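Report on the structure given below.
Residue numbering begins at 1 within each chain, and the chains themselves are lettered A, B, C, D, E and F in the order written.
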Amino acid sequence: MTLLYQNRQYIRNNIAQKREDRRTNEQFRDITIETGIIGRAEGSARVKIGDTEIIAGVKTEIGKPYPDSPSEGVIMVNSEFSALASPDFENGPPREDSIELSRVVDRGIRESKTVDVEKLCIEKGEKVWMVFVDITIVNHDGNLIDAAGIGAITALLTAQLPKINEDGTVEREEFEGNLPITQIPVPVTSGLINNTIITDMSKDETECSDAIFTVTTIENENYCAMQKAGPSELTEEQMLKIADIAQKESKKIRAAIKTAVKKHKV
Amino acid sequence: MTLLYQNRQYIRNNIAQKREDRRTNEQFRDITIETGIIGRAEGSARVKIGDTEIIAGVKTEIGKPYPDSPSEGVIMVNSEFSALASPDFENGPPREDSIELSRVVDRGIRESKTVDVEKLCIEKGEKVWMVFVDITIVNHDGNLIDAAGIGAITALLTAQLPKINEDGTVEREEFEGNLPITQIPVPVTSGLINNTIITDMSKDETECSDAIFTVTTIENENYCAMQKAGPSELTEEQMLKIADIAQKESKKIRAAIKTAVKKHKV
Amino acid sequence: MTLLYQNRQYIRNNIAQKREDRRTNEQFRDITIETGIIGRAEGSARVKIGDTEIIAGVKTEIGKPYPDSPSEGVIMVNSEFSALASPDFENGPPREDSIELSRVVDRGIRESKTVDVEKLCIEKGEKVWMVFVDITIVNHDGNLIDAAGIGAITALLTAQLPKINEDGTVEREEFEGNLPITQIPVPVTSGLINNTIITDMSKDETECSDAIFTVTTIENENYCAMQKAGPSELTEEQMLKIADIAQKESKKIRAAIKTAVKKHKV
Amino acid sequence: MASNVPEKYKTLIKNNKRIDGRKLDELRPVKIEVGVVPSADGSAYIEIGNTKVLVAVHGPKEMFPRHMINEDRAVLNVRYAMLPFSTSERVRPGPSRRSNEISKVTRHALESVIFLEEFPAMGIDLTLDIIQADAGTRATAITAASVALAHAGIPMKGLVAATAIGKINDKLAVDLNGPEDNFGQTDMPIAMISTNKNITLLQMDGDFTKEEFKTSLEMAKKAIDPLFEAQKAALQKYYE
Amino acid sequence: MASNVPEKYKTLIKNNKRIDGRKLDELRPVKIEVGVVPSADGSAYIEIGNTKVLVAVHGPKEMFPRHMINEDRAVLNVRYAMLPFSTSERVRPGPSRRSNEISKVTRHALESVIFLEEFPAMGIDLTLDIIQADAGTRATAITAASVALAHAGIPMKGLVAATAIGKINDKLAVDLNGPEDNFGQTDMPIAMISTNKNITLLQMDGDFTKEEFKTSLEMAKKAIDPLFEAQKAALQKYYE
Amino acid sequence: MASNVPEKYKTLIKNNKRIDGRKLDELRPVKIEVGVVPSADGSAYIEIGNTKVLVAVHGPKEMFPRHMINEDRAVLNVRYAMLPFSTSERVRPGPSRRSNEISKVTRHALESVIFLEEFPAMGIDLTLDIIQADAGTRATAITAASVALAHAGIPMKGLVAATAIGKINDKLAVDLNGPEDNFGQTDMPIAMISTNKNITLLQMDGDFTKEEFKTSLEMAKKAIDPLFEAQKAALQKYYE
């Protein structure tokens, strides 16, 4: 459901004074992270940011490596808007949003070398592990990129590789150890609404926003991925400010991920 | 072409007294079964039930078995509504009907283990016969499931496996024996129209029906597959009655199939 | 953009006296052929006929041969209307034109055995060269078939096969010689407008035409491919006349192709 | 019903107990929760044994696509999907022949209890996402769907619940689990209406004598009652 | 025209007889039947040698999809399909580049004889199903289509029939069969109008001198007459 | 950023020179030509190093598909495609996840400068065909697109140009070429508006400290000026 024009104007005019739910501009909604929710998956997580909810699951298959990287496994991140999450998803543009979500989360994991793909090689040029991270949007109340990014890395951190039988088949009920994860990238997305910078936007706020900027940070505070979206321009200062917020907020989120993963292992 | 509202009401109101073509409630239209109609196919059949006409053809290919059943061949049954059969097939819902038809006939053959797939193994884990049964609807005057099911089993019973040359290629003009068929499942479909049970419904009757129930029987009188369709509910008694009809009618149809197949071999 | 009815009538009524651009009936527009325009392609050409412009590029891959021709390479010609070329391409029928264009050019190259596919075999039954010729329409002012056909053969004539490394991978920056080309087929297309035969029709003329006839000629003046298109009939005499024109015009075009290819090699 | 039965699944019944300790006529543990998808008009989460399903209802609302509008009544659009991580082997996203067929039979299983004629020209979207699959996904989804429709306030003449009757080691059993479904002889999903126990869905693959079929229907009628109870309890709890 | 010709097909002509015993200018046996698809407005079944085709006409009727409507005349929609079991190797169901192209040239081969302007804004659906393929499928389909259109009562200025002229062992021959098509040098399907022998379809692949092309057209003109006779006889028989 | 770096690409900077001889803050050679697609309303051809792109604009014109019309302003439809022969390995024709995403970010990179509100309910089609790819295809396409829009006479508040800042051998560098992109550490495409140097596109993959990010933005601001000059020169030349 699209926002009415009046609501839109109200949010835009008042954003500098107060947000709908009285959060401060840079404040996240409550985040909850659960692990191990799907027994059939090699790893899984449920992430809620306010009313936004996503489920992430990791599945593995044995496949052939790409000819130009014969000793590297393959990792693919895919996000789907389930029709569960919103009735508008049918008619048009959201498909493009879905693709962008998928691509941003996928690149955030892959290009940052979060998974050491060389350790996923089983037999050079012949057999490697293919790791699929699938993310389903269960309820959409904004900031899907951060929720999906948190879900993807948490599911990967709790995932285990199945055992390979002597005859080469996969034994799905026994495991041989964790995935080779090298770091914990955390995306933090802020937007510009009527010249005010707002972090963790709700769905309504997102619809009122002029531009959106996602900045992904790793543990040493460096940035590993960024993506600007939305039709409006951003100034250099606005970008630097949003990058600062990301550095700060990602620490808290990373701590929450670690806590959830530690609990999982116990 | 969809039935006019008036015709629909007329059929529904009178069905308890008489059917359009004066058949009794449980009476099939004339069934004709021809075999060997397509020289290029490994097996083939044309089935007519009244004005309903389908053609079934069997083709074989050598393929790789599924990893989880390395010593089993593969059998696939596929039905297509040709545009020949009706001008309405373009616009929407019928595609769903086509999928259901295909699935019901496919399951009727596969799940009942009609073909002994272990005997279709050529080289364990490497090469097996893949058997395709393709069914084309030539004229649609109702009861497609029974026509398609009869066509599929008849085509399979008359099918021969091509010879395999020493170099592993298939010699399509020589044959090496019949397919390993273990039984002759026969579907019989009845419907509920205004609380009257009607067997072998015409297209008009199908459009007037509230619920449809297909029961497939094998030679020992046991049931091997069932499928309820249509938006309305059925009582336990109605289902048992339809299952009884299926037991009875399937015997006659099975005899007709056997006669057609025997004639084919001569 | 479709021609207005008035323009259409004007062109049709006056075609016997004069063409829009004052060409004679059998006269081609200026043809320019450039080679080597895409460094990433194994061979490439840009062809302009008046304002019509196409780009052709050759790419190669190693693949498995078809089971029924284990010692033959594969050649595929594909044409795409880029949205660059015209805003009308979105809505419907042109997709059919695109398929016909593609098929006619593809058959013109393949069925005439222009490429000696047996020489593209690397290892019988296992590895052969697959040669893709992709043609993009950059600007559409009629006579796409001739432009595409000229582009395809020119790109093939200048194409080189990449070196194969000892480990079987393709070394894309080194080459091992030209493709085995046996002849230079040249298509020449004429149309019938209000009973006048017109060669190398512009886009406007094509939209006014009743029938279209493409005749492809090889160096010994024989015909290797023909295709009639358009809804109207042609008489025997009209066809023979168009075939004559093709014989005559193809010589000039073949000479131009040879000049362009020779220049490329220097 | 694969032909290669692993050793450990050859005996599926021992001393009248099934491999998960259930009696032959016993359902797996059931858990239903209402209102789990805030942005939907109605929603339910269900676990039956290890099968877990999320269901959401959007509507009644404007019908889309428009050429499918029915001027006399609402159209029920059903979309059944196995999430990619719901089974051992990853499921490719997107519709399949199987999911399309299940969407259709699920629609038929529910249509007859909904007063669709109260919403002419409108659409009701029903989404069934299988989170984790361990046999009985369509039956489990139907049981949850009925609850989600009630939660969305859509008028119905009764609830619909579904389970499966199967034959394993030549005995009839209720609500098959994964191994029972894979290595048993017969599987028959069945849906019934709470008010009259009439049947809105029935599919069967395998082998039944006439007597077994009759007994199966009787077993289903009895076994299904706890599902109706669980549906009502979940709705009651939500509205408390 | 494959490059590996099996031994038995190296000689396709011996003592002026072809491998199936025909003379060079002789058609394969032709059989046409009208009215074989009761639910269609017009239909025909044809066998030419081992090539077997079913054709049905639906219309003139409301045009679908609506954005393709032509306000001045009827649109002829042609769908050519090889049924999966019609050839040695199974054909995957669904349209291909080849079938789309043939649908288009078939449409062009028939359009010029139909008085489409009598049915503005309507559609005529023509379905061509190849039951069994042994060369000449498009020509055979066109010959049948013309009969089915007549059977549907659609006004036409003449019938259209089609055959192929080919070159085998350096000789011109009429109506190629499977091996002649596969191992011959040239194949030229051609369609003509009954009233004036004008050409509505012509495709050629292979090799023709100018003289051979001219002779081919002459051969086609003569060879095609028995097809027009067969068309008329089939229609007459139906209406008797 | 592959993990297996070939020997010859391990050292990408030597004596402050890059493998193609450029300085760290130097763009590749730029060539822009206007009006290269006669049938389009606006068009431009661009070469930046070995990356070659053709861009065409059709519109403002009737919007299609109609359900995407915006009554308040024109809709900018962007279609980015790599032609099949533009890279080492052939690209299959048709849209991919990557091309769809780039189409979207390109649209966002240009929308903010176009006075779309002047053309309510209309559509502007922008086609970006990558002829040859050697890094920076999206940035190069955006730079050309802005010129093609101007050539089409579409009112804009400024031009948009784009380049990339990257990190190679731990140093920041402008406008990466193919090997630098493949074997470098970081790639950050960025688009700016000519009038205020505000940012309309920014994507980054790799690794940046806070300081490096800040410096990158400064470098981009400076490096991009010659692109604006080249855009203006190309337009001027066309209208001379």
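Here is the rule we use: a contact is a pair of C-beta atoms (placed from the backbone, for glycine too) under 8 Å apart; a residue touches a chain by one contact, two chains touch by 3 or more.
What you see is a predicted model; the values in this text were computed from it and never measured.
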| item | value |
| --- | --- |
| Co-neighbours of subunit F and subunit E - touch as defined | C |
| Computed distance of Cα centres, subunit E from subunit A, in Å | 57 |
| Whole-Å gap separating subunit D and subunit E, where each centre is the average of the chain's CA atoms | 51 |
| Length of the line joining the C-alpha centres of subunit B and subunit D, rounded to whole Å | 27 |
| Cα-centroid distance, subunit A relative to subunit B, in whole angstrom | 48 |
| Per-residue multi-chain contacts in subunit D, two or more chains | none |
| Junction residues of subunit C - those touching two or more other chains | 91 |
| Pairwise touch network: line, ring, star, complete, or other | ring |
| Traversal of the chain ring from subunit C via subunit F | C, F, A, D, B, E |
| Complex contacts: residues of subunit D adjacent to subunit A | 37-40, 43, 50, 52, 54-56, 58-59, 61, 64, 79, 81, 83-90, 93, 125, 127, 129, 131-134 |
| Of all residues in subunit A, those that touch subunit F in their complex | 68-69, 71-72, 91-93, 96, 99-100, 102-103, 107, 111-113, 117-118, 213, 218, 221-236, 239-240, 243-244, 247 |
| Contacting residues of subunit C [partner subunit F, same complex] | 38-41, 44, 51, 53, 55, 57-59, 61, 78, 80, 82-87, 90-91, 132, 134, 136, 138-141, 172 |
| Partner subunit B, residues of subunit D touching it in the complex | 1-4, 67-68, 97-98, 100-101, 104-105, 107-108, 111-112, 188, 193, 196-210, 213-214, 217, 221 |
